[in-house]
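In what comes next, chain A is part of two complexes: it sits with chain B in the first one and with chain C in the second one.
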Partner chain A sequence: MNDIKEKILSICPSATFEEGEYLQINVADKDWFPLAKAMKEDRELNFDVLTAVVGMDWKEAYGVVYYLTSTTHDWDVVCVKVEAPDRKDPMIHSVSSLWKVALFQEREVYDFFGIKFINHPDMRRMFLRNDWKGFPLRKDYDADPKLNPIPKDDEKNEDDTRSYVEDEKGKVTCVPGKVFAPGDYVVNVGPQHPSTHGVMRFRCAVDGEIVTKVDVVSGYIHRGIEKLCEELGYPQILHFTDRMDYMSAHQNRECLCMCIEKAMGLEVPERAVVIRAMMDELMRISSHLLAFGCTAMDLGATTAFFYGFREREQVLDIFEKTCGARMSMNYNVIGGVIADLHPDFVKDVKELIRIMPERIKEYHKVFSGNIIAMNRLKKVGMLPLEDAVNYCITGPSGRGSGWSCDCRKKHPYGAYPQVKFEEVLEYGCDSYARYMVRMREIEESVKILEQLVDRIPEGPIRAQVPKIIKLPVGRWYQQVEASRGTFGVYIESDGGKTPYRVHFQSPCFNLVGVMDLCCRGNMIADLITIGAALDFVIPDIDR
Partner chain B sequence: MFDFSIVTNWVNDLLMGFLPSWAAVLVECVIIGVCVLLAYTVLALFYILYERKLCAWFQCRLGPMRVGPWGLLQVFADMFKILIKELISLKGTDRFLFKLAPYIIITSSVVMLACLPWGNGLQIIDYNIGIFFILAVSSVGVLGILLAGWASNNKYTLIGAMRSGAQMISYEISLGLALISIVVFAGTMNITDLVAEQQSAWFLFRGHIPAIIAFLIYIVAATAETNRGPFDLPEAEHELVAGYHTEYSGIHFGFFYLAEYLNLFIVSGIASLMFLGGWMPFHVPGWDGFNEIMNYIPGPVWFLAKAFFISFVIIWFKWTFPRVRIDQMLAFEWKYLMPLSLLNLVLMAVCVALGWHF
Partner chain C sequence: MEVNIKSMKREDFKDNEYIDKLVEELNATGANVAVGKLDQLINWGISNSLWPLTFGTSCCAIEFMSLGAARYDMARFGFEVARNSPRQADYIMVQGTIVHRMAPVLVRLYEQLAEPKYVIACGGCAVSGGPFKKSYCVVNGVDQILPVDVYIPGCPPRPEAFFYGLMQLQRKIKVQKFFGGVNRQEKVEEFFRQHPEERGQID
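And then the complex of A and B:
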């Protein structure tokens, strides 16, 4: 830690440090970009992953908190706090030229806080309509429905974009631009489309059948969860996580619980820890089975879809027995889990463990080995390793590019240090590699379940928690490996009953950010399969 | 084999007996028209249920079960629903062409059905270029698809129509060449004569290697020709919503739907006539008792059973295989299938010239 401090001070003498959960660096906006460049490019620091970008309104100033990770130095995490100098017209230098993941993340911050990012190439709103008045996550936002009435007419396709460019003297000018070139033939896919896996919209410029550009238009089901959280107590915000990526409901909720438990200094009973891990792995199996089915169906192989769903039903039945629901299980609570396991749980899980290996063989027989499927998936949607890291594509999609990024290994949590499993890596960088990672991860999850199913310790299922939960002043960031990648929860507390700010760092938002990169030069038919192989879930993007 | 022309001639003589000849022909035309349309509808209804039940079976489901016993009446309910639906007309479409397109498609498929003989003498006209005529009519369908895609004024339909045009025109070559190989073998294009040639054994067995290759090429090309999976990319619902018929509603949509199912029957019927002996029963040389029993099964039953079997195979791979991509599909046709069918034609000619067949 001290090495990092010294190194950073030598680059940027004005930086100050705060001790917290992670090393926190406070830096002024004018020094931020050179520091970021050095932190990324310096061999000794090498912070090559921008894990999270959190917009903040500290009342006296707007700002951004960045979480940076270094893949080479033991996955060290540091936190950088940058304040915008001017509250009237907040501006911060963009780091999107260093970490491409910021292209989308900074647009989100702009959308909700109105912080303009200097030198960002495409400073449009991300989720809200272009005619929306105000920036909702600001503390002084006026939510009066008269300001933003329910629109009675269609939103116009906005082709205008802008970029705030700084010249050598430090003067910032707004440079208008266009999303599509004048002669582009733009095909609209979504928001209501059979295979966008939700309410997602892509505008694709095509040349014949070949896609030349994809513009992501999202926000059709955005619910403003982060804003809602600011007015609710900690136990009340838990249920939102099940409604983000509903295919990683357990992992997401565990992440939020762990973040709160970490802040409270609460110890979770051993039994609850093991139950959580088992539920996570069951969730992962069900999610990957859905991904398998959807990939097959988007390629037109409807039968394989039903095969995947057949086994998924079995997993959902296990959830139903213990949690009382098949979706939105609401199972994890602060300090443990809400209910004890159903008496059939062990028997059902063992049955699942017994059938899965054969069934996976069947999937490979009916779909993976099919020559048409291979031709459709191999060498399609190429995402080289550098891009995967730069765009922070974690989870099975990142591991399909050969990036070892499994949070269960890099930041071990819960019961994972106790179990043996392999981090699945494929080096194809294409849709097929991503697909194969998922199939092999099902096998690994089964292995984890096998190790845990006979070792569920006896004891209480949740710790004693106070009636009213208050977190101490500070900021916490917790990550877990959700089904689709690293899911992060950021909580900033001012000591009250409600969080000052909650941010959910969703893996799918990053996944949809590489659609343009992956689809360029491929055909329209591939747009769908690339989307299926990246496997994003829309409610996780539109939080 | 029972000759159905005895029945048809008797009907003809009966009508001629008390009607002037023009009126008799008129009445015959009406009867035939009614029969063809009735057969068309019944077959379409059967095929819809057939495919739904089969795909349910492949997918560990039950399929339609609620309307009637085992869901047998489901298709009637669907058909009724489609008939009473509103025909929506859209802004910015070419009204005339938009409405014309489904009729072109349905006409081409009805004409093809009318040309298929179902049994010995059970046909409308016994052309001397029968198979050639069927191929010619089948190409008219693509015109309807192109019109539908163009007139809808929608980007999805246009892409679907372009794909369909490219696909159907390409695969017609292989389809034609595969059939020509058989024509070379049999030395006739008259369908009755073609089937009569298969009295001793079906062409699939008589022509051995080149005939088997031609049969496989035919099945692949026919699947592509009818826009069915894995070649269903003109209407790839995952990319293009419903391809060229996205904008149609009610019975206009129903026409596309019916034509698709009937085309499946027609290509299966052609395969059955050209390769599997049409209405000829299945015979095993030497098993006289068995052959005798087989002879009792009437010709139309044989024809339909063979056609349904080939449809089963086509439906089977539709529900198993993923969809190919447009470039892969065209590359497959022009780089592999067409050269192969040309080679096969040469091989067949050599076989016939040297007498290397049964």
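And then the complex of A and C:
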């Protein structure tokens, strides 16, 4: 840690440090971009992944908290806090030219806080309509429904964009631009489209059948979860996580619970830790089975969909017996899990372990080797390794590009250090590689379940927690490996009963950020298969 | 008149009084014998081949997919032909939260459905806003923007609850007055009164 401090001080003498969960670097906005450039490009520091971008309103100033990870240095994480100098017209220098993932992340911050990013090429709103009044996550936001009534009129296509460009003297000017070039032929896909896996809209510029640009229009299911969290107590915010990425409900909820437990300094009983890991892996199996079914169905192979759902129902039965619900289980709570395992749990899991290897062979027989599937998936939607890292594409999609990024290995948590499993990697960088990673991950999840099923320790299922939970002042960031990638929770507390700010760093938001990159040069019909292979869940993007 | 559907026995429904009352109200002024028989024929057809529009915004849509898969198999009751275009669908099943940005799109989809058309609000979010009721951009219940026929509570509802809701809709359709009721010419006129700009385009 001290080497990093010295190195950073030599680059930027004005930086100050705060000790916390991770090393925190406070830097002024004018020094931020040079520091960021050095931190990314310096061989010794090499912070090549921008893990999270969190917009903040500290009442006296707006700002952004960045979490950076270095893949070469043992996945070290540092946190950089940048304040915008002017509260009336907050502006911060963009780092989107260094880490491409910031292209979308910074647009989100602009949407919620009104912080303009200097030199960002496309400063538009991300989730809210362009005629939305105010910036909802600001602390002084006026939530009067009269200001923003339910819109009756159709939304205008937003073709105008703007960029805030700084000249040598430091003067910032607004430069208007257009999303599409004047001659572009634009085809609209969504938001109501059966193959966008929810309500997502893509505006695609096409040259004949070849896609030349994809503009992602998101926010058709933006529910304002982060703002809602600020008014509720810690146990009350848990249920939102189940409803963001509903296919990673257990993992997401575990992540939030772990973040709160970490801040409280709470020890979770061993039994609960193992139960959580088993539930996570069952959830991963069910999610990948759904992904398999949907990929097949998007290609018109309805039979494979039935095969995937057959085993998925079996997993859901296990959930139902223990948690009481098929979906949105609400199972993890702060300090452990809410209910003990059903007496049939071990028997049911063993039955699932027994049948899965045979069933996976069946899936491969019915779909993976199919000539149509091969032609539609192989060499389509190429995402090279450098781009996967730069766009922070984690999870099966990142591992399909050969990026070893499994959070269970890199930042081990829960029961994962106790079990042996392989991190699945494929090097095809195409849709087929992503699909194959998922199929092989089902096998690995089965392996993990096999190791844990007979080793569930006896004991209490949750720790004693106070009735009213208050966190000490500070900020925490916790990551878990959800079904679609690394899911992160950021909590900032001012010592009260409710969080000051909660941010969910969703993997799917980054996934949709590469749609433009992956689809360029492919046919418009392949947009659907690329989306299916990336496998994003829309409520997780919009939150 | 007793309302019976093929899919579920009358005594298994928990709210027979309501449907009896509805029938009584509809037939208060008496029913024309010939038209009534035609109504029955048409309603028999519609209620047994209800085609949904695939419209899901969040979790409930995944449960709807389970409905289509082999275990629950909604094909048993004639609901299986999920259409992707509203022009070919009979009803819209709102599965999931409707937010401000989506609201005009949903209204447009509803307007594109061909008459007779029905709306099912499915899950807590579509019924009332659900857990997101206090949010700054969530529509608190889809009934604020569309006329809803059946509500299915749950978060998400179980597949059995979906079936119960769909069968309630079947019963409602069985008693509707197709001729001189839902299929009225005045309704078309009323639409054009509200949207005068559409008249020229359709003629």
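The working rule: the second predicted complex is superposed on the first by the 543 of 543 C-alpha atoms of A that agree within 3 Å, B and C clash if a C-alpha of one lies under 4 Å from a C-alpha of the other, contacts with A are read in each partner's own complex, and residues count from 1 in each chain.
Note that contacts are C-beta pairs under 8 Å (C-beta built on N, C-alpha and C of every residue); 3 or more make two chains touch, one makes a residue touch a chain.
Since this is a predicted model, take the numbers as computed values, not measurements.
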Next on the checklist: Per the contact definition in the header, classify A:310: touching chain B only (first), chain C only (second), both, or neither.
Outcome noted: both
Next on the checklist: Tell me the contact category for A:246 with respect to chain B and chain C: first, second, both or neither.
Outcome noted: second
Checklist entry - Touch check for A:327: first (chain B), second (chain C), both, or neither? => result second
Next on the checklist: In the superposed model, which partner reaches more residues of chain A, chain B or chain C?
Outcome noted: C
Next on the checklist: Output check: A:301 vs chain B and chain C. Expected answer is one of first, second, both, neither. What do you get?
Outcome noted: first
Checklist entry - In the superposed arrangement, does A:187 touch chain B (first), chain C (second), both or neither? => result first
Next on the checklist: After the superposition on A, what does A:143 contact: first (chain B), second (chain C), both or neither?
Outcome noted: second
Item to check | Contacts of A:199 with chain B and chain C, given as first, second, both or neither | outcome: second
Checklist entry - Between chain B (first) and chain C (second), which, if any, makes contact with A:526: first, second, both or neither? => result first
Next on the checklist: With both complexes superposed on chain A, which partner does A:219 reach: first (chain B), second (chain C), both or neither?
Outcome noted: second
Next on the checklist: Going by the contact definition given at the top, which residues of chain A touch chain B in one complex and chain C in the other?
Outcome noted: 193-194, 306, 310
Checklist entry - Of all residues in chain C, which touch chain A in the complex? => result 54-59, 61-63, 65-66, 69-71, 84, 96-97, 99-105, 107-109, 131-132, 134-139, 144-145, 155-156, 158
Checklist outcome for this item: Counting only contacts in the complex, chain B reaches chain A at residues 55, 58-61, 155-156, 159, 229-230, 232-233, 236-239, 241, 319-328
Item to check | Complex interface listing, chain A residues touching chain B | outcome: 185, 187-188, 193-195, 209, 296-303, 306-307, 310, 366-367, 370, 372-373, 375-376, 523-528
Checklist entry - What residues on chain A touch chain C, complex-wise? => result 127-129, 132, 136, 141, 143, 148, 150-155, 191-194, 198-199, 219-225, 227-228, 231, 239-240, 243, 246-247, 290, 293, 305-306, 309-310, 312-313, 316, 326-328, 538-539
